[in-house]
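Structures given as structure tokens follow.
Both complexes below contain subunit A, partnered by subunit B and then by subunit C.
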Partner chain A sequence: MIRILKYVALDILKNKIIIAYAIMLALFSWSSFGLEDNASKGLLTVLNIVLLTVPLMSILFATIYIYNSGEFIELLVSHPVKRSKIWKALFTGLSVSMIAAYVIGAGIPLLIFTNWDIALMMIAVGSLLSVIFVALAFLSSIITRDKAKGIGTSIMLWLYFALLFDGLVLFLFFQFADYPIEKVIVFLSALSPIDLSRILILLRLDVSAMLGYTGAVFKNSFGSDWGLVVSFLLLSLWILLPFYISLRKFRKKDL
Partner chain B sequence: MIEVKNISKNFGKLKALDNLNLQLNKGECIALIGPNGCGKTTLIKAILGMVLPSGGDIIFDGKNIKDNTEYRANIGYMPQIGRYPENMSIGQVLDMIKGIRNHSQQLDTDLYEQFALAKMLDKKMRTLSGGTTQKVSATLAFLFKPQVLILDEPTAGLDPIASEILKAKIIEAKNNGCLILITSHLLSELEDIVSQIIFMQEGQLILHKNVEDLKTTTGQQTIARSIVHLLKTATV
Partner chain C sequence: MKCSIIKYCFLLFITCLFTNEYGYATTIYVGKNKAYAQIKKALAASKNGDTIMVTSGLYKEGNIIIDKSVVLLGENYPILDGELKHEILSIKSSNVSINGFRIQNSGRTTMSDPGGIKIYDAKNVTIEKNILINNYFGIYLQYAVNCVIKNNVISASQKEENRSGNGVHCWKSDSLQVIGNKIEGHRDGIYFEFVTHSVIWRNIAKYNLRYGLHFMFSHNNAYITNYFKNNGAGVAVMFTKKVTMMNNTFEENWGDAAYGVLFKELSDCYLSGNRFIRNTTGIFLDGSNRIKAERNLFLNNGWGMRLQANCMDNLIAHNDFIGNTFDVTTNGSLTLNEFYQNYWDKYEGYDLDKDKVGDVPYHPLSLYAVIVEKNPPAMLLYRSFMISLLDKSEKILPSLTPENFIDNKPRMSPYNL
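Let's turn to the complex of A and B:
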């Protein structure tokens, strides 16, 4: 796998889009911290940008990259290489490059302007989000052979997780406000990695006003420390599950 | 060497391979012929593990190829239309495949030299003409001295000189005891190379015979004529 990974990683790092993504993140982060004299205000701006752009870039870039690697995969499959190794190498290569771009772009200003523990938490959450959406990209690109459909599916997934989900939860809450549905809401929040990430950071920051509805319930049910552990576990599940399903499908795919 | 047992493959409602049985032995050079869409490429891809059959088994050297990848180290494959990562140069593709194969024995660089690939190692794959891409595919297929060669339309798109070079190489491999499987529509091109004929139609095996037997039973001089004769008299 290492040998394949070498070629995948070299190819991605040469890609100008990854470089542009890192520069864009850097510009956003430096300017957010530069505009606000209060670092924690700047942090919230960065948090919101990260929660929107990191998933979008990860899922879109990865989807397109997988479709464009069709030839590469075909070439390797006729040689004595296990299919799972090809798929894992692609996944590792994409994840590592998305994380690298994020750490270089947003991680460095975070480390300079904010507390180390918060900066490290942001870096961890951003990296997890990158990998989660790369995994989702693998899932949506294995489901259909058609590139346009695959990219469409990826954009829909992003829209759903980034924008629609919290609205849906809020809607449910108002509809069923008369019933005790806190437990259900906690369960629901596990269904969106972006919400989970927001909760993770805000639990650390202790700005309850920004938690959103799911976050507030989360804090009440788990408290800060357990909340952290549970949400980290759930986030890891969001990586493993989509990737595992895509790997099983890839093993049986006709090329 | 390769045993195909009751292989079937469906693409939706289409039956690409329909309960196919074949026995392919060492030292034979076999032509796989049949009309367009009769399942030749699907059969080849099934042997290579690129297409997973809906039913049946393929045995390579006594071992089932299911969940096995190592057997491919013994196969050199030249695809009909070689598809390569566009941004890589010829040199990078060759290096990558060498790296992945992790081959310790000496390489067969005859085609590499005869096609003069050394002069264009820096050319990107997307800028290559169809013929040059075929030259790269052919070089890769022969590079690791495989025991089995699977060539899908090998001479299509090659210029006459390159085509002759490749044919000479195929004959050399045959004399060295390789099993060679060729698909082609140009029967006249195969005339002096092949020893057996497999004729397929709609995913089924119609005929698997020695060339000499075929010629004597039909009373014709060439493979092309024998096949036409068979089709006309509908004895197949």
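Let's turn to the complex of A and C:
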């Protein structure tokens, strides 16, 4: 498995897109910290970038990469290697390189410009988001053999989590404005990894005082040490579940 | 000529005759190896107009009642200790001066509200350069007229609001001067109720449990160059007319119910040169009318200004709104207030004729601010990409935000306040 992982990692590095991605992230983060006169404003800009581009990049790159390495996978399958190992190695290779690009690109300026606990939180959350969307990419690319369909599904998933979900939540807020829906909303936001990550970081910032009653409910459920563990478990679930389903499909798939 | 000299001589004689009681005012010394060892005994022996000089040392004399017009002077901050049982200095006479004491550990009962220094029904009292530590109420004035509270340092360290009194507490008083005091850790820093014609100048109130400044029914007062920082709920002022606030700083009042300043039912007020920095809400106006706010700075607040729809005829002109999450918000569609020539850092218009005023009116109310006002839980969507998109489209084609909530002449550059 280690050898396959090495091939995958080298292949991705040779691709150079990951390097470009890291540089892009670095440019974004350095410039937003440099342009904003106070670090917390810069942090909010970086947060926006992290919540939008990291998932998009992860899911698109991973999907296309899996489709492109179809022949490589077939070749490996013909060797005496367990199928699950091939799939896991691919997943680990992609995840590690996405995380590396993120940490190098955005993590370093974060550590320099903001205080440590927020920076570490952002790095943890960004890394988890990268892996979550790689996992989702694995799921969408195993569902269909058609490349266009697979990539289409990926883009749809990203749109759903990055845009549509918030719209739906807003809609619910308006529809049920007369009811005490705070707890339901807290539960709902756990259904989108991007929302969960955003709120986790917001709770660490000054603006948490603006979140009002709902924020307080949220802080009680997710802001405490236990809550933090729960929310990271939830995020891990977002990695494990899609990947596990894709793994089961891959095992039985007729290549 | 000669006649008038005689007249003057006669007058002089008369004056001497009537004032000789004061002419023989003496200085009484209190302390170790002095005429009196106790302040109480010195007070008993004193008469109006005397000066009582207290040398340094620890004095545990319970409640000291001052019922004569005397000057109490402390040398090297003698300590008056109330042993957590007594009110320490009770001033029940006019023309008293207390200067240079360290007053600590007053009793704490809610029945009698004991204070470090309490003035009962007196005029022309001066309380200056004292240090008050760990008292229930710091300086308490009731029915006081024309008193000066100046350059005192007042601090307490209770954790709960109900176990702590106010730093400077004034009730039913008139013509006070509260100047240059530092107040920390009390329930309210400065508390006024039914206090009129007073000036509050150069005070610092920070880390108080509830409000830095809190007043009600206190008309015609001026608050100038005070500094309020990090108080539990900021500053709250209510039910008052004709307040002037100038050059004050309201800073770092973070919390769901914390306000830089909360204005409830205030009218005919003038605010100028105040700085609202890093508060959850810079200024909250509720039922407030005819307030003129000009040349104030709203910097890095959550909400710069929350102007409830029950406010009218307020003029908000020539202010700087910089780096606030929401510059202004309101809770209804009715707007009876005017915004004029403010600087908004979120303004994206242009100035073709170079008169430093933007050519396009500015709508300071963002869609998201309206949504949050109607639906506070929606704050959870803060910084969501969806929200940014909605805001952008609303800016171009306003549909949900009130049409007349508008600054017709937004400034292009800040005023450097």
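Simple rule for what comes next: the second predicted complex is superposed on the first by the 237 of 255 C-alpha atoms of A that agree within 3 Å, B and C clash if a C-alpha of one lies under 4 Å from a C-alpha of the other, contacts with A are read in each partner's own complex, and residues count from 1 in each chain.
The rule we apply is simple: a contact is a pair of C-beta atoms (placed from the backbone, for glycine too) under 8 Å apart; a residue touches a chain by one contact, two chains touch by 3 or more.
The structure presented is a predicted model; accordingly, all values stated were derived computationally and were not measured.
Trainee: Counting touched residues of subunit A, say whether subunit B or subunit C comes out ahead.
Mentor: Here the partner covering more residues of subunit A is C.
Trainee: Report for A:80: first if it touches subunit B alone, second if subunit C alone, otherwise both or neither.
Mentor: In the superposition, A:80 touches subunit B alone.
Trainee: On the A-aligned overlay, A:11 touches which partner chain: subunit B = first, subunit C = second, or both, or neither?
Mentor: first
Trainee: Is A:236 in contact with subunit B, with subunit C, with both, or with neither (first, second, both, neither)?
Mentor: In the superposition, A:236 touches no partner, neither subunit B nor subunit C.
Trainee: Quick one: is A:175 in contact with subunit B, with subunit C, with both, or with neither? Answer first, second, both or neither.
Mentor: Once the two structures are laid over each other on A, A:175 reaches no partner at all.
Trainee: Counting only touches as set out at the top, which of subunit B and subunit C does A:72 meet: first, second, both, neither?
Mentor: first
Trainee: Overlap the subunit B and subunit C contact sets on subunit A and report the shared residues.
Mentor: none
Trainee: Note which residues of subunit A are touching subunit B in the complex, please.
Mentor: 3-4, 6-7, 11, 14, 69-72, 74-83, 252, 254-255
Trainee: Show which residues of subunit B lie in contact with subunit A when the two form their complex.
Mentor: Those in contact with subunit A are residues 11, 45, 48-52, 69-73, 75, 77, 79, 83-88, 93, 96-97, 99-102.
Trainee: In their complex, what parts of subunit C are in touch with subunit A?
Mentor: 254-256, 258, 278, 280, 300, 302-303, 323, 325, 371, 374-389
Trainee: So in the complex, the part of subunit A that touches subunit C is made up of which residues?
Mentor: My answer: residues 38, 41, 44, 47-48, 51-52, 162-163, 166-167, 169-170, 173-174, 177, 181-182, 185, 189, 195, 198-199, 202, 206-207, 209-216, 218.
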